[in-house]
Structures are given as structure tokens and as C-alpha cells.
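First chain A sits with chain B, and in the next complex the same chain sits with chain C.
== the complex of A and B ==
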């Protein structure tokens, strides 16, 4: 693939600048006296942090960026030296390794130490352990936001009140203390109003995949599309600008009847429409993606692009209910949903996006995703009559991506769909 | 001259490469198998050639079958011809081995003993040639179908006799063989029907008076079969090396689909297929038409596959085919926990040192493999009636015993199908796809 020049759209360049700019701002933070808060993608409170002029650092994003830039293997090895087992979440090990090697960001800039660890606990048990480790390393305060799991698939008023109460009585006072600023609700409202613009445009982009052919790949392309809104740019003017640009690009593709853009240009004929569950592999991301687009397989919807919020199911941040909507946002993230809700969501994607099949990329080191995936597979097969595919890889540990095996499974699965189509069995 | 349409399926596996030729009715005309070695292109060519040779013999059988007068003579003649043909092929390969050995002996590091080396090589190969006919005798049991294995066994034995600790050591002779066999294996040579049939025919006809008497008719029958044009109408490739095949993409199918369809062809009531090959295990569910509806494969580790047995056989200094029968003699199975090949090797040595019987340990190892397969089967949707077991490991009786027991324990009584040709299941499926493709195009 290296011999091909990678095509980049305006939105991609914009995103690249935004990310680089953010890492630079983080590098300058200590000398400029700005404070930083480490926090997680699911249930992130970016607008609230920004309203205190705090800069967010997202260790998961650092880990996946390190994976894509071929840095993670070294970091994981480093963490293993410190006694972290091979089976521990590889994001955690990548992060710990990066820290032990001097906390240099994936773009090569220095990352500042955290002034606060904001632990929004949304469905992933490992988050708690992760920040426990970071607290040990940095000796800094932790603010814990406990987000109730959506066991019955509903957000109850008492759940919301419970989260809002924590925001008021624990998180906000802590942020005031760290930043030295008073909580400014008007500032927060203004930021949340900007979030809504970006969220609307993102949903439009994701839903453009309902068209045939789909102008986007909602998994491999999707992970780029969610980048700004899932990380540091929700509620910022740059975020709004990015999503406006992206939407215009996709509108143009749709008008021109073009398929998704891939690293090798526009995809050829759309032969299979898939729904994918689970995070992607980052260390061989391009190779993984190529296994799909070479076969004409386009992902029309994915659950991974919902880890930072289910905007396509109607949720919006609400400037009129700032803390309430932040609370609802945290509870509505995909990893905070119980298995029945996840199955229901995937089933509706399969139907709404006219998918031919669905595939699970199972990552053993990621419990918040992998637990229950085979059960989900069976239930989805029963509900939709469509066979599911199952592949296994890892987030950022390159040792667990066996290319031949994965390619074999993907090709077998797609040929199986083709064969079923030919004979109309199970159609 | 008549023509017959044929369809070729090729399965480039990690351990062996298989080829199958079907006629237009879907009957198997010929099968070929070879070790995949490090060169898939050559492996593919060799397996194909072998399948074509067998297909020609199938045609000779058909031609002879038409002549009632020859029926009595033909009965013994055809197998003898086939054996002689393979002997000719073997001798041809020995010639190539001799060349390669001489070439290896010419390397500068053998400067001091070149003369002696040449002499020893000549003596060894001459002795190997002498022993060759016995390998293809009427009642001969060959330990392997592959030239590499047969030649290695003879060569090592002879090298011991022809070496001395001072001038030409056993190690030197072994080194020569390793280099030479690689070069023999990595070139196709000409083992074709055309190339060897005439010599094989002469030799066979001369071997028995009854055949000599009917020589003219027999020659005519062979000639008729030889002249039938085999029109390769469709070819489909599958297996791990399938990307290496010089076919367009449409002619390449995943082995999962091929195993499903192949198993269905062998046993039409198949609902669940378990395939244990060299480096992967597949649990496949198929519908009434042999179409795959669901499958599971071993993930990022190939523990518990065919290679595991190969490794264990090496560790125990046994032939692969000896493992199963030995394990069957177990009276008290040892529980082996590890399916990691390397750990199992360590566990094996550990148990041997504790004085446990080889048979009992082997029985435990076989069960460990099947336990792993059981988990894949469960994940793919369970075992349904009928159940077909394919792949190289299906030839191992102890693996089959363990599977039968565990299936009964977990799924109740099920029909377990195993074909003696199960190793060809993938290639058969591929050939059927080729046939089906042609029918659909028509």
C-alpha cells in the first residue's frame, strides 16, 4: 500500500491540524499555566472542562494513536516490564508504557502531567483500575463520577438525578479547585449549544450510509469521523467547523453517487453492506480495512462509533438542561448499555441500513466489549435470519493480529453471504 | 479422438497440497497430494500432475472395462501398471536427487573430500535404486506417499553404512541430503503420464507371460485412454496458499466454503462439519445444499491442530501415522492440560520422566486436541445430525475415538461420518464449485 499516495479530504487535513494543535497546546500548558485533566472518551465532560479552561487529555486516544503510528508494541513491552500481564487491556499497557518512556504524545510532543484524573465510569470496569495506576504514578487527585449501568435499557430520572448530584457536589467543586475559577453555567451553555451543531452534522453523516451505495464507511471511515467529537473538540468552534466541512464532503459524494473514500481512493462497487460490532484493530488498521474494501464490503453502521454517545438515537446535549443532559449523555454511551440493549441496537442497524451481514471483531483484552459477544451473535442471527461473522484481534497489541487468519475469516464470511444470496437461502 | 470435460479443484494447505479432478457428472477421476514444502507453486503443480496421472489411469480402467475379452487380464494388469508407473516416477526423482547431491558435494567446503563424497553418493543412490522396486511391490506398505519421506528414510539408513568418522562423516552426508532434497522438491521435474507411461508399459507387459500375450490389446487400450483429450473447463483453488494460485479472483474460494460443500458431497446428510487441518480447526454448519450457514475457526493460535500432532510425533521420535494406533493402546488416559504445542511438549517430557506410559500420555494429548475442537463446535452452533469429520487429523484413529466419546457425552448419539478420502474434502469442494460455475454459466 505504501506505493499509493493516500488521498486526503479537506476534513481529514482539518482534523489532523486540530489534533496536532491540541497536542501542542498540551505541550505548552505547563509554561502557560494551564491545567490538564485526564479523562475517558465514554462519558467525557469536555464542555464542562473547557468551561473551566481546562485541557482534556484522553489516554485511550493516545493509545490508539500510538497503535496507528506503530509505537504501541514498545510501550506494551515497557508496561510488561513493570509487571502488567499479557492479558491486561492493551490500551492501559500502552498508556503506562508511554508514561514510563517519558510521556511523549503520539505526535512527538511532551504531554503534561495531569492536574486531575476525572474518572467517568461508564460500563468499562478497567477504567477504575487504569486511573488507580495513574494516580500512583502522578500522585494527583481523582474525581470519580459514578455512572449507573443501564441494566434495563432505560435512563430513569433517579439515575439522572444521582449523576447530576455528583456533578454538583463532587466534580464541579473539584474542577473549581483545580482551575481556580468559579463554575460559569452560561459559559457551559454556550459550549453545549455548539455541541448540538456538531452532533447534528455527525448524525447526518452517519445516516448517509442508509443510501445505496453508501458514501461512507461507518467503521473504518467512521472512526475518523467521530475523532473530534469524541475527544477534545465537542462544544468548540473548531468542532463545529470540522463537522460542517465533513458533511459537505459527504453530501458531494452522495450527489456524485460515489462510495466511501479509502486510503487507496474511492471504493469500487459496493458488494456487501455490513454492520460491525466491537472496536477495530489499530496496529494493522489499514491492512484490516483493505481486507474489507478489496472485497467490496462497506460497513454501514457500527457500535464502536457509539462509544462516545448515541447521537443517532436522538440524544443531544441541551444548553437549557446543561448538567442533566451531560448526565444523560454519560449514561447513554454504548459501553454503558446492557446486552439486550446492544442486541436491539445492532438489530435495528441491520434493518435500517439494509445490511447483508454483521460481523463482530472480538478483542479479548477488552472486557467491556467482548463479554457476551457470542451470545449477541446468536441472538442477532435468530432475530434477523442473517448469519454473523466472528473475527478476533486486539486493540493496540500487534502480536494479536494474525493477518492470514483474519483475512481467511473475512473472505470466508463474505463468500458465505454471496453464496446465500445466490441460493436465496435464509433470505 | 474423444474429449471429456474436467473440473479441477486445488487445496493448497499449510502441510499438504491436494488436487482433485472431476468429470462432468461430478465423479472423481483423479486425486493428487504432495507436501506443501516452502514452494506453493511447485506443490500445486505436483499435486495437479498426480491428479492428472490418476485421471488417465481411471480412463484406462474405463476403456479396459469396455472390452469383455480383456476383463480377466486387466484385473491384475492395471494395478501393476500403476505401481510400475510410480516406480518410474520414483526412479526419475532419484536421478534428480543424484544430480542435486553431486552438485551439493561440489561445494567449496567439501574440497578435501570431494572424491570420496562423490563415490559415497554414487554408492548410496545406486543402493536406493536397487531398493526402489520393493517400495512399489504388490504388497508393499509405504510409510509415506511423499518422495521426500521415502528417500530420507533410505538415505539416512544407507548414509550410516557409508560414512566414517574421519573422511566422510554421517553429518556431512546428512547435510548433503538436506540441501539436495530441497532443490529436488522445489522443481517440478516431469512426472507426467506422457513422460513415463511408455517405459512403465514395457516393463509391466514384460513382467508376466499372460500380459505379454495380450500386449497388443493392452497397448491399444492405454493408447485410446492416452488420446482422450482432458478439457479443463473449470478450476477453483482454495486453502491457505490460495492467494498464490495464478487464478483470477472468481476462481478462488475460501476453504470454509469448500470444506462445507465437499463434506456435503461425501455425505449428503451432513449438517455439521469439523475440519482439523495442519494449522487450523474449523467448525462449520451447512444447510441441506451444503451451503455454509455459520462457522468458527481457531483464533490467533494454532494449538491443537494437525501440526501439534506432528510436533509430538517428532518429540517422541515416531511417525505421524504411528501416534493414533499407539494412543489407542492406552489403558489409563493421562490428563493433559495444555493445548499449547510447546507446553504440551514440555508436559509430555515431564510425564515421561515420571514414568507414565507413552500410550497413556498420547491418549491425553489426543483428547486435549478434541476438547479444543469441541469448544469451537459449541461456538459455531453445536453438533447436529449428521456430523462429518474431515481434514488430515480425521485419519488418526485416536482422535476419532476421542471425538466420538465427547460428541456422545455432549450431544447424544450422532452419526459420525469419516471418509477415507477426507483429506481431499477441501479440494473436492473446490472442484465442485468449478463444476457448478460452469453449469451456471451454461
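== the complex of A and C ==
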């Protein structure tokens, strides 16, 4: 195990270095005259930003990192002090609170003010309000990219045209203005070509969970795996290297018949294979994960790892159609899909990954994810004949993580699966 | 109250209380083959439905008159109330009279509700109406035109008849008249809120959810004419306030009454905003779809769910305060309403810059206790009167 944990640590180490390096680059940005663009994970245009030498900042990532580092409660309290409602998305409040307290990144470095807010309005209404709020704080320009919702699960040509036209007429001119550079499509193509390598490897890693035992946890481990590609590193050589390394590590685990690595080493016997819908809780992330691996429950597929793109369903950035494929990417992110498509996707995961059960972690913050999840639960139960579990928590507000309650629910759910299994064997 | 007005108010009240949509059933039964389509807040192009001979029916949840039996099982406790009562209305068969539902892009809850509808009621016509957030005619305008064409195609199939340009021009004119009547009513209330108290005006607006627009306009005009004839409607020493945050889940009528009893004349609001979404006339001559597109791009009202490229959130509210000579603003938003509650700090900042007073509270469509709100609104009203006298 130790050998493998060292291997695992290589990709983790790499990721750590990449993230730390990025935050440092951001801290140096003002003195080096580099410009920064704040934007969102779903529908992010990292390759395009990088092609202008612009540095992306992802407030959602800052918020979740603040949650993991136990900083979010203070930030949320700060935002509420400034009149932000208790009822709204805690990512927004965490970000505003962080800003009010000096905009120190979760790694302790100074975050630069944005030169532009790139409002990729994909899959979440709150994004618009979030950047409107930031616009008031920073008094900087905003580029809006409205991404139509895929209510019927299809990308209609005029939807794609609309997004491409916005890229051409709104986003690119704004990036040119901010960066002082001309749009260089060849540079964008080169970056998109790199994205494809990383995307292929990421998909391979995620799909490795089809094996029994699964060599990965596709939710708790998965959130680490998606880190680089969902944030600042898609389309970069570091991104490619990270995913190559990660893939090699998982290939080795698979060869050796090992289960997922957890904070406490390799997981023991795989007893339950689960599909999970909804984002994790970040403030008690490890404790939450432990509730699963202590019981031998491994998550084999999750929807959260698709918020930044559904690569496992075949999407790849296409250097030959740079803007069109960026548009399709934006439209295809998980929360931009209608509920019927979300249910279909989860159902297919349950079948393809041979799951014993599925769980929904419903987070208070996020209407985009959560509204309708109780119906999704019923639909999935009806379609698969498998009972589902339902837990409630929040992303970064620790007030909504009731540890005993959640543990209880997970345990009883797994017991129920066990009983079901027993009945089946007996039958 | 004089009998004529009493009758009119009674009719509006009946329509308001009619959760079974009897008026819609009656309308449908009056001629064979008639269709009706429901729409949720906020904006849908009702002209297109009207032009297809379809009755657009505003669905705003169940208010405080509906017992929620099944709806709660579909939504977590931290989600607002309107989707659960709307699901309740549908599961109890009250919306069976509708031949389809449109879900506008107001926020993620209504958006997701569109998908829930597709799963809950397979076979029924459902469409999510994703309005543009880019207001360049060549970009957002081109997209919106295609969306309208698609919707037009759907409605044509549903109605079983083509929508001719002249039909659409006629419908645009009809809705222009309706919006004009509403504007006049709002202006009249702003001048004399004691003549058109909001708790009453609201009932007349609500009637527009279920009546054909021609009939609704007539009703409004009658109200405009009759209300001033009430001699006992006298100016009182009330404060003048603008109400904000009620553009989706509706407050119970009792809440509006409570505010008035607490000494507040409501002189502007964002209730039933979909009916007043377009702030001016839509051009009737020429290409009617193009005219609807242009009106949307250029004449949409400022509200939380519409992006404002120029960024000055709160300007419209400040202008409303000034235009209506209001003395303060009451933020009155549904609990858990992200669009309204996330908007609030920006609006408050704009008011603070102008030294406009404000207070805030939350409600749910089925709120039944108003004592706290009454006290808070009363204190607010007293304080702004003192302020303006000082």
C-alpha cells in the first residue's frame, strides 16, 4: 500500500504545486502587470483566457477551499453582517466575506482584484447575481456570456450560434481590450489540442470505476481529479502532465487489484458501490468521506464531477472548431441540463457502473442542483428498482452539516442495501 | 361601497380565489377546440398564444388558500413555497384544464420545475422560455427571434391553426391596450393611493391571469372609472412606499392589507411584473415577431432576473421612488428566494447613496400571521413620516 500511496502522492503533489503556483502567480500579477479574470467553473473558457495570457480566478474554487480550510464560517458571518441573507447560496457569501476581509486566498496569498468579470452564465442563476455583487465591489467591467439551458437535453444550432456570436462580439473584444493583445486563434487551437489529452485521461480515470473493485472513489477522490481541468489548467502542459500521471497511478492500482486511496490509506474491501448526485460538503469533507469508506462504500460515479463538463459522454474540445466547441462545452455542463437528462445520466451511471445504490446529497445553497432532487430520487428508484438515499447538508456553511444525523442516514441506508442483498441471495 | 364597484370587486375577488380555474374552463367550453396554456412568473410572450387563439393563464402558486398535501414531498424545506403549491395544484387535477405550461427563466427553481413537469406529466406540452440576456439585436435579438419562431411553431401545432402576421399584430395591439390600462391604473394609484388601495388593485391585476386580455382591459377600465366615485376614499396621513421583491411567489392578500393598515400607501411595486414587463408600446405595424423581439430588448423592465449590462442595479428603484414621490422602500421577498434576496444588497446600496429609507422582511405565500410585519411596517411608516417632516 505504501508504494501506491507514494505514487498517489505524486499526482497530489503535482496538483498541490500547480495550485500553489497559480495562487503565487496571482499574487504577483499586479507587480508583473498581468491581468486577471474572475470566472466560473461551469462554462469556463480557460483556453481562451490563457490565449490572451490572462490569469483565471475561480471564486467557486476559493469558496470550496475556504470551506475545507475551515475559513468559510467566518466569511459567511462577515457577509451576513453586510446584509446578505441567511437564505442564499453560501458560495457567494463566502466569497464576499473573503473579499471584505482583505481578499486573501485560501493558501494565504493576496488575490488581485479582477480586471474583468467574465460572467459565464451557465447552469446557475446565482452566477449573475454573484458577479453583479462583485461588480459593485470592484467597479470593473463585466463580460456576460449567456448560455442557453438545455431543457430538452439537446444543443440546438441556434443556441450554439448565439453563444459563438457572444464570444465574438462581446467576450473576445473585451479580452482584447483588457489584455492589450489581439485574438490569436492559432494559439487557442493549440491550447484546445492539449485539452483533449487531459480530457481523454480524465475520462479513462473516471471510467476505471467500472472495474470491481473500483480503483478510485469517483466523488470524494473525484473532486481532486477534476481540480486542474475544471479550474485554471485545462489546455496547459501542466494539465496534460497531471492527468497522464494520475492515469498511470490508477492503471497501477487497477493492475494490483487495489481499491481507492483514502486519507487513511487504501480502502478495505469494497462492500457497496454507489452513485452520488449533488456536490459534497466541504467544511467536513474528510469526516463525510470517512462515513463512506469506513463502511466499505465506494462512489463509482457522481454527477458533481460533471459540473465542469460531461467528457465521459463524449464531449471533447475541438481545435478545428474552436469557438463552436467552447460554446458546446458551456452548454453541456451538468447543471445546464434539464432534469430529465440529469435523471437519464444518473440512471445510466447506476447501470454502467453496476451500482448497488445511489445517494443524493442535497445542499441548501444550491437551487440549481437541489430543486427537483426529491423527484429525481423517485424517478431513479422507479427506473432502476434500487432504493435511493437522501441526505441534506451545505457546501461551505458548517451550520448545515449535522454530523450525527448524516452518519446515521448513511449507515441505515447501507444497512438497507445489505438487507436487500440478503433477501436477493435468499430468494 | 357603491353597488357597481362592489360587484366589480366581488368578481375580481372570486377570480382571485378560484384555484380550480373555473373561469378558464368556462372560456374553453364556450367554443369547441379552445386551448389554454399556463405560464409561471415572469415574462412570456402572451401575444403569441393569443394570436393562436390560446388563452394564456398565469399560474402563481396556490397562495394561502391551498392545503399542501403532496407538494411538500417534492421540495426540501429550504426551497421557496411557490413550486410546492404549483405542484400541488397540478397533482390535485386543478391544472388539468391547461393544455401546456410555459416556464420562464426567472431563476433555477422555476427552471428545474420545467423539467419536473416533463417527468411528472409526460405527454403534456412543456417549454422552458429562456429569454436572452444579451441585448444586441444581432446577437440576443437573433437568438430570441429563433426561440419565438420555435414557440410559434409549437403553438401552431397545439392550436391546430397557423398564426398569421395579422393575427399577431392584432394580439400585440390588444396587449398594448392591456398594458396601457395597467400603466394608467398604476399612475392613478401613485397619485391617489387611497382611491386605489393596493389590496384592491391587486385583485384586478390578478384577474388578468385568467381572463382574456380584452376582458381584463375592460375590467381595469371600469375599476379606474368607478373607484374615484367612492366618496369615503379619503387621503390619510400615511407614508408612501415602494414595495420590492414580490415578482414571483406572491404575498398573501392579508400582507398587502396589513401594510396598508400599518399606515403605508403602496405607490409602486413589482407584483405581477410579467403583465407589465414591457414598459412601452410594442410596434404594431411591420414584422410582428421582429417587433416583439425589439420590445423585449429595448423595453424590458429592470428586475432581478434580467441582466443589466450597464450595471447600475438599483437605478430603476431609485427612479421609481422619485417618480412616485415615495418616502421609503419596503423589501418584501419570499423566504429562500435567491433572485430577490441576492438583489437586495445592491438595491439597498443604491437607496443608501440617495438617503432613501428602507426596511425589509420575508414572507411565504401561505404566511398567516402578520402581527410582526404590521408592527415593523408601522414603525417604518412612522419613522419615515417623522423623517420627512423633520
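Basically, the second predicted complex is superposed on the first by the 416 of 427 C-alpha atoms of A that agree within 3 Å, B and C clash if a C-alpha of one lies under 4 Å from a C-alpha of the other, contacts with A are read in each partner's own complex, and residues count from 1 in each chain.
Assume a contact is a pair of C-beta atoms (placed from the backbone, for glycine too) under 8 Å apart; a residue touches a chain by one contact, two chains touch by 3 or more.
Keep in mind it's a predicted model, so treat the numbers as computed, not measured.
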Inquiry  = Taking the superposition on A as described, I'd like to know which of chain B and chain C A:374 touches: first, second, both or neither.
reply    = both
Task = Look at A:392 in the shared chain and tell me whether it touches chain B only, chain C only, both, or neither; answer first, second, both or neither.
result = both
Request  = Considering only touches as defined above, state whether A:338 meets chain B (first), chain C (second), both or neither.
outcome  = second
Ask   = Which of the two, chain B or chain C, is in touch with more residues of chain A?
value = C
Task = Scan A:158 for contacts with chain B and chain C and give back first, second, both or neither.
result = second
Message = Taking the superposition on A as described, I'd like to know which of chain B and chain C A:415 touches: first, second, both or neither.
response = first
Request  = In the overlay, answer first, second, both or neither for which of chain B and chain C A:140 touches.
outcome  = neither
Inquiry  = Tell me the contact category for A:104 with respect to chain B and chain C: first, second, both or neither.
reply    = neither
Ask   = For chain A, what residues appear in both contact lists, the one with chain B and the one with chain C?
value = 374, 392
Residues of chain C defined as touching chain A within the complex = 73-76, 78-79, 83, 105, 107-109, 111-116, 118-120, 127-128, 130, 132-134, 136, 138-140, 142-143, 146-147, 304-305, 307-309, 311, 313, 335-339, 341-346, 348-349, 362
Note = Touching chain C in the complex, chain A uses residues 82-85, 87-89, 92, 121, 124-126, 128-130, 132-133, 135-136, 142, 144, 146, 148-149, 151, 158-159, 161-162, 165-166, 169-170, 338-343, 362, 364, 367-368, 370-375, 379, 392
Query = Which bits of chain A are touching chain B when the two form their complex?
reply = 374, 378, 381, 387-388, 390, 392-393, 400-402, 404-405, 408-409, 411-413, 415-416, 419-420, 423, 425-426
Message = Residue numbers of chain B touching chain A in their complex, please.
response = 240, 253-257, 280, 287, 289, 291-300, 379, 381
